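Letters A, B, C and D name the chains as they come in the text, with residue numbers starting at 1 for each one.
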Amino acid sequence: MVDYTALLPIGIVIATAVIVLLTGLFIEQKKILGYITLVGLLTSLGLVLKGWDLNVAFDSAPFYGAIVVDPFAQIFNAMFLIVGVLVAIAALKAYGDNPRQDEFYSMMLLATVGMMVVAMSKDLLALFIGFELASIATYAMAGFDKRDPKSIEAALKYFLIGGLSSSLMVFGISYIYGLTGSTNIDTIASVFGANPGLATTPAILLAMVMLIAGFGFKMAFVPFHMWAPDTYEGAPSIVSALLAAGSKKMGFAAAFRIFIVGLIAMKVDWYIAFMILAVLTMTVGNILAVVQTSVKRMLAYSSIAHAGYIAVVFVVVAYDPAPGVAVIHAMTGGLMHAFSHAIGKAAAFIAVAAIAYMILSKDGKVDDPNHVSNYDGLAKRAPMTAFLFALLLCSLAGIPPLFGFTSKFVLFLSTIEAGLVGLAIICVLNSALSVYYYAKVVMRMYWGEPKGEAFVESSTYTFVLAIAVIALIVLFMPLPGMVSPGDLVYQWAEVAAHAVTGV
Amino acid sequence: MGLITILMLVLLAGAILSLLTKTTAQARGVALVSSFGALAIAILMYLMYDANFNTVTHYAFEESGTWMPSIGIGYHVGVDGISLPMVILATIVCAFCTIFSWTESKRPNQFFALLLLMDLTLIGVFVSLDFFMFYVFWELTLLPMFFLIGIWGGPRKDYSAIKFLIYTHIASVLMMLGIFALYYFYGASTGIFTFDIPTLINAYKDGLLPISQFWLDFIFVTIMFGFMVKMPSVPFHTWLPDAHVEAPTIGSIILAGVLLKMGGYGLFRVLLPMMGVASTWFIYLIALFGLVSILYSPFAALAQKDLKKLVAFSSIGHMGFISLGVAASVLAGMDPARVVAHTGAMFQMFSHGIITCVLFGCCGVIEHHTHTRIIDDLGGLTKKMPKLAILMIAGFFASLGLPLCSGFVAEFGILSGSYHTMPIFVILAAISIPFTAGYHLWAVQRTMFGPYNEYLGDVKEIKWFEFLPLAVWTIIFVILGIYPEPIIGMMQTTAEYFLLSGDVLPIGGIHVAAGGAFPW
Amino acid sequence: MIPLQYYLLLAGILFAIGAYGIMTLSNGIRLLMCVELMLNAANLNLVAFSTHINDVSGQVFALFSIALAAAEAAVGFAIILMVYRLRTEIDIENVKLLRW
Amino acid sequence: MMDPNLTTIDFRLYAHWIVLLPMIGFLLELLIGKYTWRKGGMFATLSILGSMIISYGCLYNVYVQELGFWEYSWDWFYPGIVAGFTIDPLSLAMLCMVSFISFFIHFYAIGYMSHDCAKNVYFAETALFTGSMFGLVLSNNLLQLFIFWEMVGVCSYLLIGFWWHKPEAAAAGKKAWMSCAVGDCLFLLGIAMMYTIMVKQGITTEIISFNNIFQNLEHLSHETIFGMSALTIICILFMCGVLGKSAGFPLHVWIPDAMEGPTTVSALIHAATMVTAGVYLIARAFPIFLAAPNALMIVAFMGAFTALYASTLGLVVNDLKRIFAYSTISQLGYMIAILGCGAVLGVAAVAYAIFHLVAHAFFKALLFLSSGSVLHGIGNIRDIKEMGGLLKGMPWTGYAMLAGALALIAFPFTAGYYSKDRIIEDAYIYATNGGDLGYMVWIFLVLGVILTATYTFRAWYLAMTGEPRSYPAIRPHECGFWMKTTLVVLSVFALGLGIMTGGGVKFWHFLEETFVHETQTASGVYPGLDLHEIGLLGGNTLMQHGAHPPQWVIYLPLLLMIAGLAIATTVYYKNRIDVSKYVKKDNPLYQILWNKYYLDYLFKDIIAEKIIMTVFTFWDVLDRYVIDGVVNLLSWITIQAGQVGRKLQTGVVQNYATAVIFGVSMLMILVIMFRGGL
């Protein structure tokens, strides 16, 4: 008899989705749905955190070993749920009086379900399903503001490139299936282990590259990234938050599983690929972020750069001379950085939403509320928001005292441990460059000349930002007489890393 | 909870409180209480130093706590003869800066909060005995200074602030790589992964790290780069003049007075023990950095039109003496001379910290009263502000190394202590002295003497809240110039411990057979 | 019995056609069709492989992907409809508010 | 005679108060002097008086009571760096002279500066000046000496620039400092070297105290620096310091400009507190010079050359004060020269030099103060061409100046006669059995005599006799009580010092005990110091006493002095010869002298302004555009790359798709490439 309680979190989310969708059809006062969503997500999150070190594999019916609940899955579940919570709270304000908000909530919940499935799946089929579920839901969400051509355009681009990349992915999967005769990741790995010659066939090489492209689309690696800036800029800000923080991490979850578990036998090949992609991604992301004038777009590019940092994990793991501790630190750092970036970037986009909302409600019609010139003197007009936003940018830039620094610290630590000095230097220089464009926004906010009188700050948005910032700070800080909460996250990620890399 | 933690918490609480205040008076009040409380605690630490000195670890007021044990990050603070003077320096400077900015009316709450944060982060750097913590505070010092320059800065503040931020940040991230390597190789060889500074440094020093010369040098060079940019040493100095020119007076005072000392402090705390193990020519490289800075600064300074920029270049030269002294003190040679060089270099950090406060303070006063810093526009200010004239002359003379001011004690120690190991360097450094004297006198003559420039209109005499800090700092460096023992004794002991491998004299234990107490 | 290679070749050709279409065409519907084409090429692969190695899971996979492709198409058409509503044309080339 | 109850007091125990009292006076003047008697001056004068009493008390202890010499020291900052005081004949002679002269100059200044608004600042600075000089004289080690040496320099800077609102005054102060700084940095370097070689000997206590150095000269003489004898290099470096402070050629250029300060300051600088420091340093460190090969020869030559050089310049200057300034330079040259002759004469040379220093202090102070009184009387006119016939208007001043002038030219039975002629005679002895340069030294000194006589009395005749040549000179008003008193006292000593000291003999015997204590035991300051052995270290064989130059050598200086006096009288008093046809701008010799051998031009216009300023400008360009340029270039490149790169984001979705496909194929190719083909 298998214990299915481990699946309770996702079950709750699914149930909430259904409930929200159905009740939404009947009731008029729809704001309640937001709270229902919130309750569902929080319960699920609580369960995930409670069972953070579960390690349950459902090898028998009805999942045929397609689903596993291990720390790796749990930490990603936690990320998705946290992002979901943040977005949901923000949505209470953003779509509080929107007649279609029930659709938004249900789609968001379904997207979360898809992501969680991807994180928990051990079978390419389940993974693909979850992937598509999340994608389709987010396609629709990206175009949620029907009247806004930008939003529609964002959805269109996202959709087309997404379709292309998912077809690439399936194509790759088909070859892997054909050559290994299975879609179960463990089985694939064991097949490769059984006959090493398999790893060198051109077909499998093609499959690998196509898979990289397929997931690289979600992780927004250069050159598969081009949709990302447009979509993040065009989509509603809180949807961008979901995309940048959530579905991007889903891509990483899938990629970690497939490459580090399934295709570990051919790491010599994807070591090269990911090395190139990582360097290219972080460099291009940062350099293009420098010249952006729209804060939202700048954040989009910065999240591309962060994808580049996290891609370092693949390089270190696949680097042959790298010692075990380096691999563990890389994987751990990657997970921690995904974690901190998820919170930070989600909150940052929500902050952008808040600021745009304030600007539009006060200054009336401005062509682009996200333009950086609108941030002049924000510290005077909306001190709380500006302060929190600045702190979030610190976290993204990897400047203490926020968790973004710790995670980046661990991540880069692994590169030196592996002996990849060149990569390490490129990473830190990029990170230093990224400080530039974050700082420019801070400068605008703190010593630009205010364009108008003070704003009334929306308590909801401020609340979201406050939780995010406080969470990031608490995760960083040392606490008297006990280990810092950050250390708990580290331990969690470390267990997950052990589970995935098998080191 | 030990004194150090209390000290930091006092400042943190002060920062938060003053951020919440509304008026200048409130913010100033909070800042005064907090910063002078910090100063009091620092002095208390100085008085209780001997009592709390741990003769095993050679640190006083040591505290250890958990932070992120799984990766070896711990909360570990403590002070010794190197760091305690720096803590005192930081508290003295910041405490009197709060008085100096008595009437700050532009965003007073943020201003004083940043001032206290600056104090906090600097002290954090000086007391940290854990590399993670050290690096965290090292990075954190950037933020308050960034805002001080940016919000209260001059016309080109954007350029200067961002340049300061990025330039020094690049240096520190490269330093981070060196720390990583040190951490990893110690962990790999012993199985204990820790960021504890004494542990790692001793391991490196005793050659316990089974690694290739490349890695030894990699560690050394990256960390050295971080420190050399912070010092700053020519040719990595260009962020400094810009930052100084645009920064508000308080910003300049803290920047030159304490923030630069982080680099020198790093030299003593981290780099100096390593020098024996890394390639020997790095020692000469450091000495060369120092010498180049010493020779570079007077020439660059004399070309400046802006009084503040001139002073900024002068501090580059003075920091060069520190590099020189450090390098000389580790070369094999006669022990007494090495100790003197080391002590002199340490004392140079303290004395320059105090002296440069007076210099920048005077620049600030002049700018505040005459609304210009261009040397050619000034002249004959003694007529209008004689009090300032006395202070400024005292400060400038101290800065050019006048005897009976602390600067001379330090530089004499460095020169005479370094001569036996690197005579050529010392001779060249001595040649810079007349030029240094030259530009200082030139500046004083052009600003203070000669006929009064009537275009300046009716200039008021220096205000009391500007006068008091400057006077206090002046008195401090004069007293230390006549009787430096209180600070030097402590440094001396540490220097002997560092250089003569372990045997430690009692505090102030320099002794000469002849002589005795002063015969009143 | 047709050897496996032919299927793979056909699938490859279909895939290439789809990719070429996406790169060149500018009509929204056609782009959508190209995406479908590529997906179906993948499905063809799956089915061919599964029959080749007598393992049913490939065909299951194919079924799922067809279903998902349908769902995706639905959303896609909706989006393109929106585009049409806003600009009375579905020429993708002119949809470039968001760039640089 | 001293008050009997003083006999019970051992003043040597309070020697540090000699230094501390003026410092306290300085602080009091600076802080509250403004509100006291006559708006300042009280504290300074009284504190100097206190120092003077202690000094003479010490003299009484040592000379009359013969309580023995004295030295004590206590720890200072670095290991082996001590602060200490020495009471021995050398320091006592200086102390008594400095305190006496300085006290009377303060006394005089009470009257002279009475109209100045910043009087208290002036007196504060002079008090500090004197106190620093006391510290310099008393110090028993090199570092302490150097510290007070620098303090003296600072005070001179402040006092020369005391009238700061005059640009030339400020500039003169700066020039003085810079000339000294050039010497001082080398002096400091010498101290560092001395410290090093002493530590190398294993000395850990009182490392650079004179006593320790003298005791270890034996070993030190073996040290080498860059292949040369360390001691010689160190002595040359010390000598550079001396040239700076004691206005030796070529660092003397600041002295004439220093006349911008108040006249009392000039008197202090020239007589008591500043320029004598250099001579004192050589005297104090005499054994080191003796032990260093060739060092004394250089000293002798530099001194003699300076003596002649400066006296030629004195001939053409028209500024009253500057004439005396040049005479100071030349007299210092005499002192330094005779110290150099110590290579043969041994400790006697020190005695002669210090005696001349003291005598010179008296008559030079007198000369400056009287000329100050002249300036005071005719409204700050300093050009002797505009004076004339002042003797009628201000007889006290005129005769005081005459007394000083007579002493300066070594007129028989004045102080200068005993001190200076003795120097010239012994220079001849040095020449006969001294180094190769010996005769040149002697000839320089002898020629100096005639020139000195000429220019001194040229000044006196032009100023005091003849007809007034300007309006203010017609009705000069005589100076008041304070100044008159001082002039009288100083005149007495300027004329009578030689006779008081029995033609200097007592003085010499007393002073020779500095290095040769009759009981060569631990009782003295420098126990067991045998100059003959030390001399041998440096290859100098000291001559035993009793050598006497031939009679003509003894009378030669006298004759030459009379000759010079005669020239001056005929030309400037009797006006028999009209020199105006030689003293013309087109006369090349005159040109050279008038432009001070173009030395100022070289230092100021060529080196300071042309060369160094060019370097600075170049440096600025380097800093701004090369070093900083690299930094800015990097950021510019980054931003440009971004500007170019963003254009790739065309916004057309097909291109994005193309990019994806392109990426796939590129990755494929790269992976295959790296794995080396399929």
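Criterion: a residue touches a chain if its C-beta (ideal position, glycine included) is under 8 Å from a C-beta of that chain, and two chains touch if they have at least 3 such contacts.
Source: prediction; values computed, not measured.
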item	value
A-C or A-B - the one linked by more C-beta pairs in contact	A-C
Identity of the most central chain, Cα criterion	B
Distance between chain centroids, defined by C-alpha means - chain B, chain C (Å)	66
Between chain B and chain A, distance of the C-alpha-averaged centres to the nearest whole Å	43
Between chain C and chain A, distance of the C-alpha-averaged centres to the nearest whole Å	26
Mean-CA-position distance for chain D and chain B (Å)	37
Junction residues of chain C, two or more chains touched	19, 22, 31, 92, 95-99
Residues within chain B bordering two or more other chains	166
Residues of chain A engaged with two or more neighbouring chains	156-157, 160, 164, 168, 229-230, 433
Pairs of chains found to touch, sorted by chain label	A-B, A-C, A-D, B-D, C-D
In the complex with chain D, residue positions of chain C that touch it	19, 22-26, 31, 92-93, 95-100
Sites on chain A touched by chain D in the complex	156-157, 160-161, 164-165, 168, 200, 202, 205-206, 208-210, 212-213, 216-217, 222-224, 226-227, 229-230, 268-270, 272-273, 276-277, 284, 287-292, 433
Residues of chain C defined as touching chain A within the complex	11, 15, 18-19, 22, 28, 31-32, 35, 38-39, 41-43, 45-46, 48-50, 52-53, 55, 57-58, 60-61, 64-65, 68, 71-72, 75-76, 78-80, 82-83, 86-87, 92, 95-99
Residues of chain B touching chain D in the complex	163, 166-167, 234-235, 237-239, 296, 299-300, 302-304, 334, 336-337, 339-340, 343-344, 380, 382-383, 393, 397, 402-404, 408-409, 412-413, 415-416, 419-420, 423, 426-427, 430-431, 433-434, 437-438, 441-442, 445, 448-452, 483-485, 488, 492, 510-519
Of chain B, residues touching chain A in the complex	1, 65-71, 75, 132, 136, 139-140, 142-143, 146-147, 150-151, 157-158, 161-162, 165-166, 169-170, 173-174, 176-177, 180-181, 183-184, 187-188, 193, 218
